[in-house]
Structures are given as structure tokens and as C-alpha cells.
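Take a look at the structure below.
Chain IDs A, B, C, D and E follow the sequence of writing; residue 1 opens each chain.
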Amino acid sequence: MAVSWLSRLAAQSSVPVFPVRGIQGEAALHRLTLTPGVELVDSPRHASILLVAGGVPPDQHDALRRVHDQLPNPFATLWYRSEPLAELASATRVDDPDALPGTLMTAHQELMRGKRGSSPRLLPDEPPNPWEGLGDDGHGGEGMMGGVPYGRPMAMNMHDDIRDGLTLDSLTVTLGPFLPMLPPGLGAKVTLQGDLVQSWITQHAPYPIALESVFLEAREHPVPIAELELARARYHLQRLAFALRLAGLERLALESLRLAQGLSPDSRLEGLRRRLTRCGFFRLTTTGRGWLDETLARRVGGVAARAAGLEEDLRSQDAAYGRLKFTPVVQSDGDTNARWCQTLAEIEQSLQLARQAEREGLYSETTEAIETPRGPWGEQRPGDASGVIDDLLPGLEWDEAMTTLASLDLAAVSEWPQDVTQELGEAPGDGADAAEERRA
Amino acid sequence: MIVNELILPVILVTIVLVVGAYLVAVIDGMIAAALGTPQRGGAWLAPLTQGAWLLTQQANATEAPDWRAWRLAPALYLALAATGLAVVPFSPTLIPTDLVTSVVLWGSVEALATVVIFLHGWSANTLLALIGAYRYVALGLSYILISMFVLIGVALPAESLQFSQVVASQEGLWNVIRQPLGLPLFLIVGLGMTFWGPFNLADSRDLAGGTASTVSGPSRLVWELARAAMLVAFSGVAASAFLGGWLGPWLPGPLWVMLKMLGVLAVLLLLGRLLPRVQPERCVTLMWVVLLPLSFVDLIWAGVEALL
Amino acid sequence: MELLTLFFILLIAAGLGLLIQWLPLRRQPMPTYPQRAPFLGGGLPETHAWSRFHVRYYPMTLLLIAFEMEMMFMYPWAVVFVEQGMKAVMEMGMFLAILSVGIVYGWREGVFKWQ
Amino acid sequence: MTLATLLLLAAALIGIGFYGALSQQSFVMLMMGLELILNGVMLAAVAFWALSGAGAPEGQLLTIVVMAVMAIEMAMGFALVVAVFRTKQADVTEGITGLKH
Amino acid sequence: MDYPLIVDIFFLLLATLAVVSGWRVFCTDSMVRASFFLLVSFIAVGVIMILLTAEYLGVAMFFMMAVEMMVMAIFMVMFMMNPAGLNPMMMVHQHKFSIAAGVAIFVVLGGVALLSEFPDNPLPADLDPVASLGNELLGDSMLIFESAGIVLLTTMIGVVVLSSHRGRYGAAEEGSMPPGLEPGGDPAGMPEEGDEGGHHHCH
């Protein structure tokens, strides 16, 4: 009796969702962030629903199985525009972004009320290494440091420390591809000593990102500059939102996303920028670390290059932009701080260009070389630049490494455009959201 | 006598702790909604449904945790919060633990909180929790000196290390006005103690939840409850040290204490939502090089003021 | 008496904390090994996380112990501050001077940085 | 709780502390032993102060001084361990004796 | 001086706790547990001190020892192999001798405690222990107070010189570098001297 009462109460809680960010799943997650009653959490242990948003390449299915098995009972899985794993063929699959929040909530409620069973465990219940009863002490090996107690070897000092002279144990782990603070798909083999990154070897490049279709159209025929610039600003705002969420600024992250959602040439960035500066984001959170030299900055391209002082922007080759008196903004320092300053400056510039271009009804003219928000697209699309971080992150403290990573845009550009209906569709919760706010 | 000195205070502390922790969640939800976080359902029900969900969720384990320490840490953190609340005088007579050195006892609660939070992250035996634990220790060992200086500042005019005397010494003028630097510095300590908002170095997002990243179900419920309870205890101490505790016209003393606690809570929760997380290395430097000297200034101010 | 009250309060709070955890856990089976593996976004650790953890702020902790000891003297001093008047003020001056020298020296040597 | 029982407890703590200080190979564990000895000493000092010294303030002062000794011993001890470890990559007592020569 | 029965009961419990946790320090595999067992032992002794009306010293014991044992745990984990005791281990030498020495010391000291006569001079009823300590510190024992300050300052400096490899006079063999690098000069993220507040903002 008491239990059923408890589960009825639990069914009314907001839905804790752990998102696995697959290929092209970001847009749906941005919308979920703004949906009331859904909470995107950072650890699978804090979730009742595993949402696989977007496709996952077959070679990463093992990693997906591991994440799947890390959710505590009871939990359900939901596949958004993604093929469920073979073992979970009967799992719920959703393709319509509008239906996603509703399906999530129903799944959570059914789970709590006991109408839906928990998703089955996929991996065998075995320790990573057999250990019980082996060796001197029954701990899987001999000696103080030998063996595999509880199924895993002990940490040893393998690398000399790179900062002070104390060489202590280093921890080597593979991270990703579904770690929420890394870019989607990025996987790496990382050695840490203390909370300092000793070495970082990128194993899986981040998933290619899909740009809005207007950028692909711009490669084929002239498009309105206003549209192009708004799409650019939207892209940067969404990246900013991710970094702000990471920095614990939930409020500004949401503001940034909302701004992106309702972006028009009349949108203004000043409010967001003022709040960012006032709350100390540039002083307390971003650091002067993560510095890219000229070669590395050129490899990454785009914002990172201009933040490092390279005046490279393909827009200056376009005659239409020339009529708008476009000159690229640049920063000189090339560190995390400079990259965010650059991003903000570029959003502002894009909004201003969009206003001007709309007034004058300008179309882009050059189609051979366009500047995407990710970087220059001349001969070929901006490629994967995740190799850069292998040199950049060693020596950084974990928090610095994550902040640096968030400030870098490394993924390649996909050849497919982002799904249009998804981006332009009205957010389902918007009206209800405002009503809720008033009531609270 | 037993009723007045034993049963009443025990019940009072328990109720204030539990109701206070609930109110922390409610106020935080309201602030979040006011700042634009989309919310479904009322702020009043949300903590209860969340708690119910955690109770029905399975408690997670790790491969080889330090079981006892892992389960004990949240409970001990809650117990520390209760101890902190016990030193708060609710009225001249209604004081759960009126130790002669209750100010120092609160200092020990702060120091022991660091130990407990470390233990919570350490005993899980996973990378992210471990980093969170160690990172928190850097913060915990930095704020403790600031807190001590600020509290010694309020002890000077009272000529006592007893919170009831500290409150009594504010009869004429509250310490928040008499020692203007004190309360802001102390609030920073409060955010640090509960790793809330800008000082959330233990359970931060960049560690996927840090020390709490591997706990789920009832254990996580106790941990979050204890964290909220610690905020309540802290606000009680701040209210008596700086806002004149039970002093105030018209209303009875205990009511004043609770109103002031609510005020401090609201400020803390708002700060937690408005400020970004401070980068750990910068946080330590900030504490030692900026805030600690400021607390020296506060102490000198308090000393000169007490002698005049 | 106040200690007894404190003891009961401690007992209730700690008991509550343990009970909430223990009651639902009685009937729960041990989670499977894959579930217990550390969460690294699908990745795996090579070793146990428990290790000789390289703490990057260790000089700061040692400095703190010395500071903490000074605080030990400060509390009784606070009680008699008003009574003792000028003498106590001089004492305070000396204390703060020592501490400030310690902080400035530590700062110059980069003690508050990650080593 | 009489003076005799308090001193007996102090003696027990000191005894355990001595066992630890003598038997542990590692320098940090050795320091644990020393701390336990000082723990007993402090208890004895307070017991004398409260029950036998008629509240002479020197009793409390002695305790504080012991505590200070403890803190200094710990801070210097750990600093030494760091310095030794940096040159020798070892933490056992033998490492420290090596430093003397 | 007579204490009520409940005090005696609590004393007995606390004494057991202090001794048992003190003993557990040396027979647990996990270094973190060992440090915190020691902390428990200290806290138990601290509570006994409070029962003896040394209210300041008892409570001060809590915060001093909480910080010290936290630092202790950090260093123990840093420098001991197998810090969590995942593999059972025994890191002792001269074991028998040490046990004998420990027991002998207990017997001798315990004998002294039981057999010798100490004057029975309980605390005066009107004594304020904290104020008396404060007055002593600012009165007769001023010298101790002052010299403690100096000694602690020396400790601070000594500790920094010994433990920090980034001292001005030479450094450890590896990983050391002179201070005062040009800002932003090192991609490896070596800490730079004096980069407080000098950060660039956008306006």
C-alpha cells in the first residue's frame, strides 16, 4: 500500500533523462532542455530513462551497452531517430521531435507505476577479470601491488609527472564517446596523475556536425545573407549554452538557447553579454589556459583561428559582404577566454550583418568558398580537428581541460544538412511553460 | 525540566532540519523558475516527487567501494548539519546546545564537513568521484580560516564564545551593520560548506556529478537531504551571528530566528543560481589571497569597534 | 545536559540518515558487475581509481596546519579581548602580521597554485 | 571517571601509540603513532588540570603547547616526506635515515 | 569530585571508543580509514575533555584534529603504496618487540597512575576555563604565546621551502622552471607566476 502510494508520487516527478548524444541528436536535446518536466542529467545513475538521441556507429555499440547497463533499476530506453540495439528490438523508438517529451513522460510514468518492466541488462554479470580465491590472499594475485583485487589491477606509476618532481600513481582510462562534458562522440585514452591530465590520445573523433541547410545551399546558389548570418549566430549561441551549462550557469545557458530559438535580426545580445560579464564568467570560470599557437589555431580554423589573431574569414572574399563593410573581428590571445570573447563578438557581428543585409535585401555572391560557423569551407568541408587536443590538454587540470574543450569546436562538418522541420518547429512546451511560470 | 531541556530542543531541531531542507528545495525551485528554468508541476510538490522517485530507485554500487564509509558519509553529513543547527539559540531560553564554546563547535562542524565530503567521494572508488573529493578538500581547507576569523570577529564584542551571548551582544546594533564585511564573507563560507553554486567543486557538472556521480536511490536522497540540511544549519548560525538571532520587535524570538534563516537561505540560493562555478585553482588563490586578508580587515574592524 | 541533548540530536540525525538508506536496501540484490563499473561515458578504466593520488595543492595544506594552530590561540584571546584592552590589540597586531607574512611568502612561492 | 581511570586511558593510548611508532615501517604511519602518544599526553594533562591542579591555567596551556608540537611535527614531517620522496621516490623510514648521511 | 552516573557511563563508552579506534589505526589496510580512525580516537578524547569541563580544549580538539587528519589522509594516500588496502598487507618491522614495548609502557604508566597519590584538587566552581586560559595567554605566559607565533611562522616558511619545488633557490630535477614566464607562453599549461586578475575581458 505504502509502496504504491510512493510510486504514484514518484510518477509525478520530472523525468530524469540521461541523453546519449549520437549523430545529429543535438537539436532534439536543445529542445528538451527547454521542455518543462524533463531534466537532462549528467550521470546515468541519476536517470530513469536512457535517451539515445541520434545514430550511434556500430563500432561504438559496446560502449553504448556499457552505458545502458549503468542505469539503476527501474529504467527504460528510448531511441530517437536511432536504430535500437539488436537485443532491445522491442524498445520504444521515436522519430517525431514533437512527440519526444510526451513519450519520455509516459515512459517514466509507466515505469514508476509498474506498467512497464525495467530494460534488461545486456552484459554478462562478470567481473572485468576473474579474481576470487586466486593468489596468496585470495585477492587475485601475489604481493602488495600484484593481482587483480575485485577484478581490476592496481594503479601504478607509469609516467613521470610533468609538473613537479613527485611521480605518483597515474590513472589511465578511456573516456567517452558518451561522456556528457565531452563533445558528442569524442573518445580518448587519458592518463591522469591527480586531477592533472598527463596524456590525452584521441581515439574517436567527435561525430560530424550537421549545419543548417542554408550553409549547404550557399554552396550552390546565392542565399539571403540575413538568413546565413542568423544561422551562424544560432550555431554559436547553442555552443555557448553548452559551455554555460558546464560552468553551472544553467540560467544563462537557457537564456542563450531561448535566444537561439527565437533568433531574428532584431535580437540583441547585449543583455546576455552583460549578465555574463557581471556574474564573472570571464574571471572565475574561463582561464587563460588552452592556448593555441598559430599552426594549431589554423588547423582548427573558424572562431579558434580568429581568436588567436589570424584574420581569416572567407566572408571577406564575398563582394556582398564587402558592400556591408565586413571586416573580421579578431582577438589576440588564442586562449579559452579569447575564444569566448571572439564567439560573443561574432554573434554580435552576425546579428548586425543580418540587420543590415535584411534592410538591403542582400544575397551572398561567392559560392565556391563560404565561411561556415565551424570554419572556412573552400575546397573541402571543415574537417575533424580533434587531433589538436592531444597536444593541448596535457598539463591542464581536469576543470581547465573541460572548459578548454568546451571552448573549442573540433568536429568535422557533415555532408548532410540539419533536419529543417526539427529546427523550425514550434517548441511544444513554450506556451505551457510561460503559464507554469506565472503560476509558480 | 526534562521536557524543556531535552525533548523540546530535540524535537525542534529535528523538525526545523527536515522542514528546512524541504523549504530549501522549494525556494530553490522557485528561484530557478523565476530565472527561467522550465518547470512542470508546482514548486511545492517537486521535492516530494523527486524524493519519492529516489526512494523507489535502486541504490547503485561500485566495483569495490569502501562500503561502510560510503553509506556512513551521507548520514554523518546529516548529523553534522543537525549539530550545527543545535548550537543556534532560538530564544534566550530555548537553546538546544548552549555550550560555552558553541562558536568553536560550529568551527569544528565546518572542519568535519570537509572530512565527510571527502569520504563520500573517496569511498566510491571511481575516477570522477575521487577528483571531486580531492578538489573539494582544497576548497574546504581554504574557507575554514575565513570562517574562523569572521566568527572570532563576532565573539569580540560578546566577550564570549557562546552563540547566546553573541546574540545578546547585538541588542543595540546587529553585527551585520557593526561589522559590514562579516556577513558577506560568511555567506561565501556557507556556499563552500554545502558546495553550492559557485563553489560546487565536489558535485559539479564537469565531473558528471562528482562525489555523487555514482550514488543513486536512497543514498543519493540522504546526500541531497544532508546538503540542504547543512544549508539550513548554516543559515541558522548566520542569523544568530550577524542578524541578531531572536532579537526583534512584536514577534516571538523563535519566529524571528526562522524568518531570518529564510532570508539568509533565499540569498544563498539566489547566489548559487547567479554565479558560475569557480575554477578550483583560482578558487584557492581567491580564498587565501583576497578573502582571507579581507577577513583580517573584518577582525581589526571588529576589534577596534569593540574597544571604542 | 546540553551534551545529552546534542547526543540525542546526533543520534536521531545519523540514525535517520542510515535508516533511509538501509530500509529500502534490505531486499535489494547486488547490482551486476557492468552496472557497478565506473561511469566514464562508455569508456573503461584500466585500474582501480584508488591510487597514490597526486594532490596538487599539498603545500597549501601544510601551511594551513600552521595557521590552524595560530587560531587555537585566537579563540581564548577573543574572550578576554575587551577586558585586556590595549595589550590584546598589540597581540592581534602581532598575530595578523605573522599570518600576513606567511600568506605573502606562500603566495610569492606559488603555494596556492596547483603544483 | 576518576583521575586514575583517566590516566589509565591515557596510558593505554600512549602504549598503543608506542607500539605503532616502533612497529610501522612507513614514515607517515610512524607519525600516526606519535600523534596517538601525544593524544594520551593531552588527555593526562587535562585530567590533572581538572582533577588535581585546582584549575591552574598552566594545565590548559600545556595541552595547547602539546597540540602545537603535534601540528609542527606533522607539518615539518610531511614537508620532509615530500622532499625525500622527490629525491628518492621512497617513503619508508629507511629513506629518512639515508638522508642523514 | 563526583560525577553523576551518566557521565561515568559516557566516559566508559568514550574510553572504549578511543582505545579501540586507536588500536584499529594500526591494523586496517586502508590508509584513509586509518587516518579517520585516529580522528575518531581524538574526538572521543575531546568529548572526555568536555566532560572534564575543559570545554574549549575539547572542542578545539575537534577542529584541529579534523583538519590535521584530513591532511594526514591526503599525505598517506599520496605516499603509501596500495593506499586503499585493496590487497591485504602488513607493513611492520620489529613486531614482537614493539608489542612488548607498548605493553610495557602501558603497564608502567598505568601502574604509576594507579599506585601514586595525586592531590585531589578539583576545579573551583566559579572558574571560567576559557577566560582563565585567555588571561594566562595574555598575562604570565605571554612569552610562550609570542614564541609560539614565531615558531609557527618559522614552520610555515620551512614547510614551504621543503615541500614546494618551485622555490626561488634551485628546484627539483624535473618539471621545474623559473618563475616569471611570459604569459601564455606555455601550451603545456605550466602555472605562470602572477597571472592573477590580469585576464582579458571583452567589452
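Note that in this section a contact is a pair of C-beta atoms (placed from the backbone, for glycine too) under 8 Å apart; a residue touches a chain by one contact, two chains touch by 3 or more.
Please read these numbers as outputs of a predicted model, since none were measured by experiment.
Common neighbours of subunit A and subunit B, by the contact definition above: C, E. Taking each chain's centre as the mean of its C-alpha atoms, the one that lies farthest from the centre of subunit E is A. Two chain pairs, A-D and A-C, are compared here, and A-C has more C-beta pairs in contact (counted per touch definition above). Centre-to-centre spacing of subunit A and subunit E amounts to 45 Å, using the average Cα coordinate of each chain. Between the CA-based centres of subunit B and subunit C the separation comes to 14 Å, rounded to the whole angstrom.
Averaged C-alpha coordinates put the centre of subunit B at 24 Å from the centre of subunit E.
Shared interface positions of subunit B, i.e. residues touching 2 or more other chains, are given as 55, 58-60, 63-64, 99, 101, 104, 122, 125, 127, 134, 137, 141, 144, 161, 208, 213-214, 217, 280-281, 285, 289. Residue positions of subunit D with contacts to 2 or more other chains are 64, 67-68, 71-72, 74-75, 78-79, 82, 85-86. The multi-chain contact residues of subunit C, meaning those touching 2 or more other chains, are 3-4, 31, 33, 35, 37-41, 45, 48-55, 58, 61-62, 64-69, 72-73, 75, 78-80, 83, 88, 106, 113-115. Every pair of chains meeting the contact definition is listed here: A-B, A-C, A-D, A-E, B-C, B-E, C-D, C-E, D-E.
Against subunit E, the residues of subunit B that register as touching in their complex are 64, 66, 69, 99-101, 104-105, 107-108, 110-112, 114-115, 118-119, 122-123, 125, 134, 137, 140-141, 144, 161, 281, 285, 289.
Looking at the complex, you find that subunit A touches subunit E at residues 137, 139, 141, 143-147, 149-150, 154, 160-166, 168, 273, 277, 282-283, 287-293, 331, 333-335, 337-338, 340-341, 344-345, 391-392, 394-397, 400. Those residues of subunit A lying in contact with subunit C across their complex are 43-45, 60, 62-67, 69-72, 121-128, 149-157, 161, 163-164, 166, 168-180, 182, 187, 193-196, 397. For subunit C in complex with subunit B, the touching residues are 1-6, 8-10, 12-18, 20-25, 28, 30-31, 33, 35-41, 45, 48-50, 53, 55, 57, 60-61, 64, 67-68, 71, 74-75, 78-83, 85, 88-89, 92, 96, 99-100, 103, 106-107, 112-114. Across the complex, subunit C meets subunit D through its residues 58, 62, 65-66, 68-69, 72-73.
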